[in-house]
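Dropping the structures in below, format is structure tokens.
Two complexes follow with chain A in common, the first pairing it with chain B and the second with chain C.
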Partner chain A sequence: MSLLANQEAPRVARTSRLTLANRQALTGYLLVVPALALLLALVAYPFFFAISISFTDRVVGQPGNWIGLDNFRYLSQNPSFLKTIQNTIIMVVVSDILKLFIGLGLAMLLNQAVRGRGLMRAVILLPWAMPGFVAFLVWKLLYMPIGGAFNQILTKTNIYPEIIDYLGQRSTALPAVILATTWRGFPFWAISFLAALQGVPGELYEAAKVDGASSWQRFWDITLPSIKPVILIVVLMSSIWTANSFENIWIMTQGGPSDATMVFPVLAYFGMQSQRLGEAAAVSVAMIPALLILVFFVTWLVEDDD
Partner chain B sequence: MATTTAPPAAATGQPSGRLRSRLRTRTRRNLLTLIAVYGLMLLVAVIVIFPIYWMFSISLKLPREIYRLPALIPQNPTWDNYRELINERGYLTNIRNSIIVASSVTVVSLLISSFAAYSIVRFRYRFRGFVGRLILLTYLTPGSLLFIPLSIIVARLNLGNSLYGLVILYLTFSIPLSTWLLSGYFRSVPPDLEEQAMVDGTTQLGALFRILIPLSLPGLAAVGIFTFTAAWNELLFALIFITSEDLRTVPLGLQYLITGDVLLWGPIMAGAVLAALPVMVLYFLAQRFMVQGMTAGSVKG
Partner chain C sequence: MSHSSSPFLRRRRTRRQVVGGLAGGAAAFTAGSMLPGTLLARKAPAVIQASGPLTYWGGLIFSDAANEMLTDTINQWGSDNGVETEVVMINQNETNQRVSAAVEAGTMPRALDMGLDLALLLSTSGQLQDVSDIYDTIGAAQGGWHESVDGAVAPEKFNGIRAGVPFGAGGNVLFRRQDILDEIGVTEAPATWQELSDVAAQAQEGAPGVYGLGLALSNVGDANLMVSALQSYGGRIADDEGVTCTISSPETMAFLEWVNAAWEAGLFPPGATTWDGAGDNTAYLSGQAVFIANTGSVSIAAQTDDPELFEATAYSALPAGPVMQVAPIGPNLRAIPTSTEDVDTVKALLEFLAQPEFLGEYYKVAIYGPVLQGQDEMEAFTSTPVLGGLRDLVLNGTAPGAPDVSNTAYADFNSNFTVPKMIQRIVVDGMSLEEAMAEAQTSGETIYAKYG
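Here is the complex of A and B:
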């Protein structure tokens, strides 16, 4: 039996080696086809479909006509749209900076050998663990003029005796929304940074200490460069999420008061509700260039770093 | 630091004066650092926990108590809000719909993503790099870019206003993420065992199901939990594609509670608690693996 197999082996191997590579490739293709088909049909195709709709005056039920850049021309003169761009930039930049400092600080704090850091790690994950819509509902309640915790505490302790409608007035709505968004988002930053910090070999620090490097120098020359790839990826992904987050705005303000907290997804959603699909698509599509720059800039940086 | 210097000092019994004073300044500095560290930790803990505490507290309060001061502790805690939510707002239907959608998405997504990740990690073919990049790009493509064209496509395919359609739509964000994370896990498993099994006559699919998947079970569980959570939490697609009241998922049900003229904060917070509890429990079971997978995927992907 085994003798026979041994005699057969060379011939079988030679004929099947060629087909083995092919068969391997074929199996590889077959395994990836379901995922690929779904993503091509429901992500890649809609992506380009959105671009093509944005050049038409399509409304619900009618394909519409090609109108070139008219939608974009209209948007560029629309104060609501300009406000949306401004809000998005402020929201992304401010919340990114807040989350970067809080996240880095917390990660370095929890990277110390102190008792209770396991518990603390679990605690700071709470905002990230709860559903976004729940977090923003709770913050909406906290901000309420009547029955909201912030107003109750501030008036009760006489720190600020007047009732503030945080989400209802133009001057405070955007900061309030950013604060809630930061509260929900910082755990992801802190925990990612912490995981990265724990991967930095301790000998590096010991060596630097022997060389007389100050703690600031150690942070600047060892910590930051070691976790730079993770920082960049977290910044990139979080910026994309923040710029496209729908539920925080939808639940807390629906873009209001007037358009003080309007963002792209909510504006596009309103456009769709008013049946003007071409215009609504143009709102989303207008964001693509910025998104592409974000994606390519950071992937380039990361690859350059390796 | 202190522990490395302390034993010799204790052993000699009478440390030299220099050593003693050095130890003293060191402990004082350590004490200050410790106070600062715990002070900061406490502050962060309060900031994190307060809103969550507030959610629980309001969910146990009757309307007249919600607006009364002082407000920190419910005076007459009651389950009335939960009762109203379930008996009068049909919240159990929302929960049932969410469970159906989220678990279907999880099962289908894990299966498809395991295949795709296995293919990307273990097979050699021409478009492998392209496929990997496409999956990353689709992961970075936000749903808010897609919902307008998807509304047209969904209407054309007759998938609108059905839980079945929602499951398919949710695969658009769950498959890229799951595939990405699973690739990280699969890559960390050495291929020797699969190769051995295939020498012994197992097919490639057999190697996936009998070797790779059992070895990546913790990772698979974490990805599954993460997928379930993401589907459970999704609001935008549900808002656009579900129109019947009896098909509303949990986020949608709650969303409709806040669009009314009068905000019933008691029932809303009761709904928030019920919506948050299951996924928060799941999340804590998975968080260890999640963080590992996140960084593994992001560094290698």
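Here is the complex of A and C:
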């Protein structure tokens, strides 16, 4: 038997069309299949399903009919739609810039050997750890025209004697929402940057010091390039989160006054209120191109950096 | 409120006796149901309860006592009848969205509370069970449904079915701070919207920090009160057939001139354009508003939390406009989705919740007017002014949507807060009255066009 086996083994090997490398690759693909299937089921299916119903007149409980671009045409006629695009862009860009400066500044501060650093790192996470609902409700109370903390401080100290309706007038509503959104989101940036900063070798700074580099030069030529990939990823993620954020707007202004703070998720939610799923899906789908451009741009920057 | 503290639930023994008697057979039940005011409670029929608990979405109102009483009563009924129940109280400003998601996800509750607009939308898409049988039984047992309520839920408006069992009539009553008005010599309620804003301005002058008109102008259901005001000026949302949007009119312009003048005079509290559903309640309870239009929740809260304010408050019907008085009633329904399997069990629960013993106690702490003629003399409506006002509204108010046709397009129009948004365009964006009206007309046309 053993002789026979020994003789047949090379024949099997000769007839196999797969090389060792191919067999390993095949095994690899097979191992990936479950994850891929899960991804398709949980991400791809809902994504393409949403796109497909945006081309229908589907209402709650009924399948709907194909209506082509009618929902998008209706959307473009909505007086709030252009404002929604504008508000979303402003909110993402301004809050990202604010979070970048605050987050980076705090990360650099917490990266120093200062007293109470551990406590400060924990405290800084509080806005991020707090449930969004609570955080934005608190901000709403702070902004209240009558009895709100900001107005109380300004009127009692006579800094500004008139009541300001922060959330109720067009000029201040969006900035007020952006400020609250920034407050809630900056800890993620700070902690991410702090983690990146801790990975920058100290020798680089020492060598730069020896070469006479100023603080600004060390920041610009060592710190920033070292943490650039993290910055880009954080910008990408935070931009997507901010563009998709709902609770901040809904709790504070519900998209108002008028359409001063209307953003895509709230507009879609109003579609849901009327049970018009096709229109609601169209609103969500309308923001996908902008987010895709952002994703590709940042990915390109990261790869370019590599 | 715990089980034991609920006056209704304290009568458990009697109720159980009656339940036992009635559950004995259909003949006994029929005999009992023929007597006005007789308890209609019956045990859950001997059907297999569908898998999982009997989930009930109750409409959250601004009265903890009422919310707890409803929850406790349903759970007690479940406990008495061996039915596992789960009550979830839903913010009524969120019901539409919650229901939309639940229908699509196939996670609708077995029964739920809803307003007429949502019932219209859901019945049109075939999402609700016909409950004609228990509607008729309950009506026959308690003196018949009020005509206004019966008309509001007529099957021809709801895809040919009785879409739900009315359990309370909602509607707005004008609240006024009589203590402030006394100081300026105003003893009677304002009869017209113009008079309202005139008195509000006068009252505001004499009471610094207080605003005349605590009326919402934001994207919430409360702000649709402005639709009634618009209609009382002669404006119409749509034509007599309810098919074509006709909001652009000289009458609507007259209404907009009134509301804009009131805004310019500073009569609306700051924040009114972004208030949530509790905005007017908060404004009145914190002493910031002289007038508000409210369903009664403020009175319930004041009675407990601020007796002084409660005593200082007087109530009246909504003012009239130059053309008519529009004071719509809006019956709230308990409905059963078509996805519910154990319909008989759920119907038994809804019948139980229609008992005068329960509703008599519930109305005392809730914000609803009566829906059945047998409820008119309940203590809640004879001893509490604001609830008495709601009863008057049921007897004398206008039909939902009237003079417009209350159909699906009208419900959709209101779900989009088209009239409050038109006002916001003027007072927030500084748009001219003509432009804002033209924009609302375009939005309305688009909405009505979808329903042919």
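Here is the rule we go by: the second predicted complex is superposed on the first by the 264 of 306 C-alpha atoms of A that agree within 3 Å, B and C clash if a C-alpha of one lies under 4 Å from a C-alpha of the other, contacts with A are read in each partner's own complex, and residues count from 1 in each chain.
Quick note on the criterion: a residue touches a chain if its C-beta (ideal position, glycine included) is under 8 Å from a C-beta of that chain, and two chains touch if they have at least 3 such contacts.
The structure presented is a predicted model; accordingly, all values stated were derived computationally and were not measured.
Undergrad: Following superposition onto chain A, is the placement of chain B relative to chain C best described as a clash or a fit?
TA: Once both complexes are aligned on chain A, chain B and chain C clash.
Undergrad: With both structures fitted on chain A, tell me whether chain B or chain C touches more of chain A's residues.
TA: B
Undergrad: Which of the two partners, first being chain B and second being chain C, lies in contact with A:133: first, second, both, or neither?
TA: A:133 contacts chain B only, not chain C.
Undergrad: Return first, second, both or neither, reflecting whether A:146 touches chain B, chain C, both chains, or no partner chain.
TA: Both: A:146 reaches chain B and chain C.
Undergrad: Touching A:277 in the superposition: chain B (first), chain C (second), both, neither?
TA: In the superposed model, A:277 contacts both chain B and chain C.
Undergrad: Going by the contact rule set out at the top, does A:237 touch chain B (first), chain C (second), both, or neither?
TA: Only chain B; A:237 stays clear of chain C.
Undergrad: Once the structures are superposed on A, label A:98 by its partner contacts, choosing first (chain B), second (chain C), both or neither.
TA: In the superposition, A:98 contacts neither chain B nor chain C.
Undergrad: Check whether A:75 is in contact with chain B, with chain C, with both or with neither, and answer first, second, both or neither.
TA: So A:75 meets neither chain B nor chain C here.
Undergrad: Does chain B (first) or chain C (second) touch A:107, or do both, or does neither?
TA: After superposition on chain A, A:107 lies in contact with neither partner.
Undergrad: Just one of 259-267, 277-285 or 403-411 in chain C runs into chain B once the structures are overlaid; which is it?
TA: The segment of chain C occupying space taken by chain B is 277-285.
Undergrad: Both chain B and chain C touch chain A; at which residues?
TA: In chain A, residues 144, 146-147, 269, 272, 277 are touched by chain B and also by chain C.
Undergrad: For chain A, which residues are in contact with chain B within the complex?
TA: So the residues of chain A touching chain B come out as 21, 24-25, 27-29, 31-32, 34-36, 38-39, 42-47, 49-50, 53, 105-106, 109, 112, 114, 116, 120, 122-135, 137-142, 144, 146-147, 149, 152, 156, 183, 191-192, 194-196, 199, 229-230, 233, 237, 240-241, 243-244, 246-247, 250-251, 264-265, 268-269, 272, 277, 280-281, 284-285, 287-288, 291, 295.
Undergrad: Quick check on the complex: what are the chain A residues that touch chain C?
TA: 57, 59-62, 74, 77-79, 144-147, 163, 165, 167-170, 173, 252-258, 260, 269-270, 272-277
Undergrad: Mind pulling up the chain C residues that touch chain A in the complex?
TA: Where chain C meets chain A, its residues are 96-97, 99-101, 103-104, 121-122, 125-127, 209, 218-220, 269-274, 276, 286, 288, 412, 415-416, 421, 424-425, 428-429, 439, 442-443, 446, 450.
Undergrad: Would you mind writing out the residues of chain B in touch with chain A in their complex?
TA: 34, 37-38, 40-41, 44-45, 47-52, 54-55, 58, 66-67, 69-71, 112-113, 115-116, 118-120, 122-126, 128, 131, 134-135, 137-138, 140-153, 168-169, 171-172, 175-176, 179, 204-205, 229, 232-233, 235-236, 239-240, 251, 254-255, 258, 263, 265, 268-269, 272, 275-276, 279-280, 283-284, 287, 291-292, 294-295, 298-299
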